[in-house]
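Step one of this worksheet: look at the structure below.
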Amino acid sequence: MKEDIVRHFHDERERLNEVVMARADREMKRFWNLDSAVYRDGELPSATKELLGLVASLVLRCDDCVRYHLSRCHELGVTGEQVVEALDVGLVVGGSITIPHVRHAMEFWAALDSR
Amino acid sequence: MKEDIVRHFHDERERLNEVVMARADREMKRFWNLDSAVYRDGELPSATKELLGLVASLVLRCDDCVRYHLSRCHELGVTGEQVVEALDVGLVVGGSITIPHVRHAMEFWAALDSR
Amino acid sequence: MKEDIVRHFHDERERLNEVVMARADREMKRFWNLDSAVYRDGELPSATKELLGLVASLVLRCDDCVRYHLSRCHELGVTGEQVVEALDVGLVVGGSITIPHVRHAMEFWAALDSR
Amino acid sequence: MKEDIVRHFHDERERLNEVVMARADREMKRFWNLDSAVYRDGELPSATKELLGLVASLVLRCDDCVRYHLSRCHELGVTGEQVVEALDVGLVVGGSITIPHVRHAMEFWAALDSR
Amino acid sequence: MKEDIVRHFHDERERLNEVVMARADREMKRFWNLDSAVYRDGELPSATKELLGLVASLVLRCDDCVRYHLSRCHELGVTGEQVVEALDVGLVVGGSITIPHVRHAMEFWAALDSR
Amino acid sequence: MKEDIVRHFHDERERLNEVVMARADREMKRFWNLDSAVYRDGELPSATKELLGLVASLVLRCDDCVRYHLSRCHELGVTGEQVVEALDVGLVVGGSITIPHVRHAMEFWAALDSR
């Protein structure tokens, strides 16, 4: 069951990106490219940048974005304990309104871990 | 399949509006009325106002509101290319956190177009 | 049917809280505890504080949080008319972008009432 | 000194409301009227509604709006201890990002108290 | 006096853009460029796009951004009545929490008009 | 001149914290303590956590909070290039609405550097 939420997330994301790209104009594509560029290794390693994206997504309360950055963190070897500490920062900055998203984040991370 | 998300959206909206109106007091009804009034033709045409509502809904990240304004834009003859340019403004103002909503908007517009 | 959305809400909340607590660290638990503490009877009665939590959740547009505070208000004897007046404040402060959440709130309250 | 921030707040608010009303159309005036209506005594007393407006304003992080509702609470006899408990709810719901606004709220309340 | 808030806005904006560009990396510059691109004439005229930027800025409650788009609207021949109607949409979508920003917008527009 | 914005920031912060603590109840003090706890060295180093706080503050658009985390980053030896990359993530996630805050962040960092 748990693996399903991971696969479903990736399939839906891919399907909808195709819907977007079928009609996107040049500006929309430029934004998509820039959105990849800022997470690449630089003065800060990519894993740290994904944690930044994770916490930004948590405080802005976007489950989809949280899941994407959790996937990337998992691929890059970030540990569960590190993720919890990053979520703590987001929870304290963003308040209890983020709790439903913390719940979904913890469930998604458990699913990533159990694959 | 694609038509379903349009019909489902309208049915659910109508059903829930009835739930609200069964218990709404005078102030709630006044808000509902004012919410219609600001999109009527005036110094700005209704289509422009619906685009304003669309972009406001995108940057505030409300899929339901985005779908409503997309429906109205479609009825009023706004083109797909114009909608994409309006979404570009919302995407740049609101950032990548709006991307999941841009995806849903593009999917909903495609469904409106294929009816 | 209506009771289902209440039971489903509580079951899902309980299930996910267990997922969180299985991995939460000390800081996360401290936040969870503080989140309970601020709604206890004090200089303001608990019912008033739950209404504060309700309106805060509405303007921040979190359905899950709105449902939780509606449940608590219902347990504490807040009337439907009082809830509508509180939602009016949230609707006017937060604008039409809160309307989808007002709809869900009214539906959930009706479900609580019909149990 | 402390009284200055109260007087300055009210003078500036009055001055700018005149600027708005000189050019406002019918819809803008209807919104202004509705914004007064929802805080009147009803099933919930006006003081409770002002506390709702206060917490909504805190979590949405608007110093001006916080100050307005603090003024109204003060006029209606809400105590300092009650205001602190209401701010606690807003602080926990909205997170540490509200702290600068909690600071300004506490300073403004102290100024109201020392008049 | 009124002209001062316009000149001050532009001077401060220019001064701070220089501070940013002195240290910006490639990604930051790409974002700045994209931020100009989306307001250019296309399927929608530039004036409409500036109104979209205005309303997006109002509902996200950024005075600086509102002022920038008001300046651009003024240059492009948008009328005061059209601006008021656009602000109405933002006010209804974003709620009374936008009122302080509506006030500043109306004051800034009056200053633009009186130059 | 540049040093002034740093000193002014710290003096004002200290002054207002005293105003708060003079009237804060137990819950408010618990929140303040928890807000310190989540940035301490753990599985993630304190510098990374301050960068998380910085980006969370940027996307939620709180100048005061951004300045606080910039100060802490500076103390902990984070470089200017690393700060720019972190701001890039916030800018792309949060969109052009964060630009005024990016400007203030870059100005504040320059002031920290020139002390």
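We just call them A, B, C, D, E and F in the order they show up, numbering each chain from 1.
Just so we're on the same page, a contact is a pair of C-beta atoms (placed from the backbone, for glycine too) under 8 Å apart; a residue touches a chain by one contact, two chains touch by 3 or more.
In this text, all values refer to a predicted model and were calculated from it rather than measured experimentally.
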item: Winner on C-beta contact pairs when A-D is weighed against B-D; value: A-D
item: From chain D, the most remote chain by mean C-alpha position; value: A
item: Chain located farthest away, centre of chain F as origin (C-alpha); value: B
item: Chain B-chain C separation of Cα centroids, rounded to whole Å; value: 26
item: Distance from the mean Cα position of chain E to that of chain C, given in whole angstrom; value: 36
item: Touching two or more other chains - residue numbers and ranges from chain F; value: 27, 31, 34-35, 38, 56-57, 59-60, 65, 81, 84-85, 88, 91-94, 96-97
item: Contacting residues of chain F [partner chain A, same complex]; value: 34-35, 38-39, 42-44, 48-49, 51-53, 55-60, 65, 79, 81-82, 84-86, 88-94
item: Interface residues, chain A side, partner chain E - complex; value: 27, 30-31, 34, 37-38
item: Contact footprint of chain E on chain C as seen in their complex; value: 59, 91-98
item: Sites on chain A touched by chain C in the complex; value: 61, 80-81, 84-85, 87-88, 91-92, 96-97, 99-100, 102-104, 106-107, 109-110
item: Complex contacts: residues of chain F adjacent to chain D; value: 16-17, 19-20, 22-25, 27-28, 31, 35, 56-57, 60, 62, 64-65
